[in-house]
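Same chain, two partners: chain A is paired with chain B first, then with chain C.
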Partner chain A sequence: MALSRNEIITRLRDILLSADERKRDIIENCTEDSRLTADLGFSSVSMLYMVIAIEEDMGIRFGDVGTNDFETLGDVVDYIEERQK
Partner chain B sequence: MKTASSEIFRKYTDAETFSGITEYKTVSEMWEQCLAKWPDAAAIEDDGKTYSYSDLERDAAKLRTALAGCPTGTRVALLAANSYDFVKAYLAIVTSGCAAAVFPAHLPAEAVFGCCMMFGVSKLFYQPGFEEKLNILKQQRPDIECIATNAPYNEATPLRRCEPSAPCAIMFTGGTTGKSKGALLSNDAVMQGTINGCYGTPEVFNQRYLLVLPLSHVFGLIRNLMTSLYTGSTLFICRNNKDMFRDIAAFRPTIMVMVPALAEMALTLSKKFGRNMLGEDLKCIICGAAPVSPFLVSEYKKMGISLFPGYGLTESANLVSGNPESLTKPDSVGIPYPNQELKIVDGELWLKGRNMMDGYVGTEEPGAYSDGWFRTGDLARIDEDGFLYITGRIKEIILLPNGENVSPAEVEAHFNTLSFVQDSQVFEDRSALGEPILALEVVLRPTELTDMDDEARKAYATAELEKINRSLPGYWQVSKITIRDTDFQRSPAMKIVRYGHGAVKE
Partner chain C sequence: MEQENKKRSPLFSLKYLVYDFVKITAGLPGLLWFRPRIRYENEAAKKRIRGGAVIFANHVGFFDPIFVMFAVWYRRHRFICSKEFFESKARWWFKRFGCIPVDRQNFNLGSLRTISEALTEGCLVSIFPEGSINDSGALAAFKSGMVLMALQGKAPIVPVYLRPGKHFYNRLHIMIGEPIDIISRCGGRPSMPQIEEITADLHRKEEELKLLAG
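Up next is the complex of A and B:
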């Protein structure tokens, strides 16, 4: 069954927390408007981590994505929603 | 001054393996021996296909036809992503006695043209799909022949031997100033870099390598591809790093060459999903191109994987030293490899040796050498057991955790194209959580954007800078943009004093 946007955000928070516990404050308060690089400090490796972890966790496949493809966490949620259809 | 020998590495492997580590002077000589020893072994796995050593020679021999008659040392550009196409074209070039100018696959058309001019190339091999990147070159220099890696040559042209001093590869580097140029590596240097990959690990021959690093980087080209071929191993080419764990599960590598950021990521994912994501067959990780945390050594040991840190430069044809004692000396980058001469002058590591480049191509770099020694710009010390430690950097270039070298001046040049930017500085900053990030600070030109109030001016400038930022390659993008209210700290000669080079960030 497809996950709701809220459920996706919750799963994304878990994934981001597993990557860096030190970011707990920022990650627990992140929203769909949070910017991946400016607010969450994403690098190309963080992006790779997130994509791999989402694929493992949610059973979807990403196409060829780069750091430029998603500006905010909401963009990632949009992508996952689309892939779930 | 110390000159290393191979004997020091004897104890890290069995006698038979150690005796099999044979020195070759040229890639052609090595390749002839590979073909004699392992003609039917799998050399490359890529895109669902397996190519034996004989298959690879058959395909390289056809491409060598395009280079028949080229004098030794002719410079031939190679523009291809990690793929079998790259491997066969690279091998065709270097076993023709020519020098491969290896272009990063992400270069735009302007840079492809510029680099062809800078390196003085006569021909260019390209992977199908890269045609658009050749538009400017074809327009400006129609005399430079562009050859697709799938060009239909039916004839096989035999391999050509050359002198060890013959040029083999031109690899991109920022050097000590960060300005892009090429490091010219001889066959001798490349072969020393290749054999260095055989020392200090228990298993050497007939391994299964999985490639996740770009072949346009010496760590990918020499420690991964060349050492894999030298040892009769199989190299699986992971085309997209996001698929690396699926590829690992299918291919089951025994050895991987990684930058610390990737090794860290694999470790974190393994912990999150409660299983060894790198597979039970993996015994060894060669880790370098950025400082390696001792934490990685100890955590991987718990998983039964030996992680060996190393130190190297493009100018040294990859590895200068490797650490086979990473458990007892986790902070060290190891023992210098054979034929490596080194000394420490005023704290700075200076190098000489068979593996060293013959110089830069495309630009002069005053101060790169002193008395025939290459000055690395890295601060180092050596302990009583001969182990090397890198203690800092005196060069301006910023080394990111993922192993990418970023030249601040090169990135700043893009932002400086905006007329309202008077001065800019790209530097390594820390996020609120203490992580290294690239940041940009800008001083606006007082005479520009004068029709706006201060707030609107800053907002407009930030938005325009963001646009430029998003157009840059990922590893050049800054994570933070600040519009300064005051000028940068300046030297008596009015030059901006860089953060980390005398200036203190407020």
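Up next is the complex of A and C:
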């Protein structure tokens, strides 16, 4: 069953928290407008890490995405929504 | 240490014809010229590398890929290189040598998948984690992508330190470290701080090899 945007955001927060507990405050308060690099402090490796974690946890297969393809968390949610269809 | 990927690449294949031809024809003059002295960190490091593994080395000059091939001479290497090389006139050679292009400005999932598949198939993937040539004498910080690659390919990481001579005609010194099994160290999926910690440990290991190399 396809997840709603809110459910996707919640799952993403869980993934990000398991990835880096040090950023708990930032992750718990992040929104769809949060910028991955500037606000969440993502590097190219942490971006790919997130994609792999989403694939494993949510069963979604990403295409050949690059680290520059997502600017905000909302972009990731859009992509996941699109892949769920 | 148990490695997960122990498949062997064939002794002869048309796919590797150019690679093997160049390795044989250029290898002997190269050996005579550089006279590599290969040393090992310990007994475990002397053991031949079987199956998929990530080899990493410091990057001091243009010939380093050849030096890494001298270090692990009994295996074919697939080097990770900048995608700009694949857009140059020399792209034919890079393709024939099985190099894997990576976009350094926009590292993509496709490259990571190609690398992890190569490791799963039992290939040796060689990388220079400093990212570019660094002849300052001090090791630059390592990119942590190397750890992600090894984790995805479920492969050990083998540190190699290269110490070319001051002059082009000086003897080459190579120090090979013990393979590092990061899979058993992490257990399940590691966190980003763990990946960064492993990267820092690999940097420390390279520093140790540098000291041993003299």
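The criterion applied here is as follows: the second predicted complex is superposed on the first by the 85 of 85 C-alpha atoms of A that agree within 3 Å, B and C clash if a C-alpha of one lies under 4 Å from a C-alpha of the other, contacts with A are read in each partner's own complex, and residues count from 1 in each chain.
Here is the rule we go by: a residue touches a chain if its C-beta (ideal position, glycine included) is under 8 Å from a C-beta of that chain, and two chains touch if they have at least 3 such contacts.
Predicted model, so just to flag it, every value in this text is computed and none were measured.
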### Message
Tell me the contact category for A:45 with respect to chain B and chain C: first, second, both or neither.
### Response
both
### Message
Per the contact definition in the header, classify A:26: touching chain B only (first), chain C only (second), both, or neither.
### Response
first
### Message
One more residue to check, A:82. First (chain B), second (chain C), both or neither?
### Response
neither
### Task
For A:37, select first, second, both or neither according to whether it touches chain B, chain C, the two together, or no partner.
first
### Message
After the superposition on A, what does A:65 contact: first (chain B), second (chain C), both or neither?
### Response
both
### Shared contact residues on chain A - chain B and chain C
18-20, 22, 43-45, 48-49, 51-53, 56, 62, 64-68
#### Entry: Contacting residues of chain A [partner chain C, same complex]
18-22, 43-49, 51-53, 56, 62-69
## Note on the structure
Seen from chain B, its contact residues with chain A in the complex are 240-242, 244-245, 261-262, 264-265, 268-269, 271-273, 400-402, 431-435, 437, 470, 474-475, 477, 479-480
### Query
Mind pulling up the chain A residues that touch chain B in the complex?
15, 18-20, 22-23, 26, 37-38, 41-45, 48-49, 51-53, 55-56, 62, 64-68
### chain A partner contacts - residues on chain C that touch it in the complex
103, 105-110, 112, 143-145, 148, 152, 189, 191-193, 195
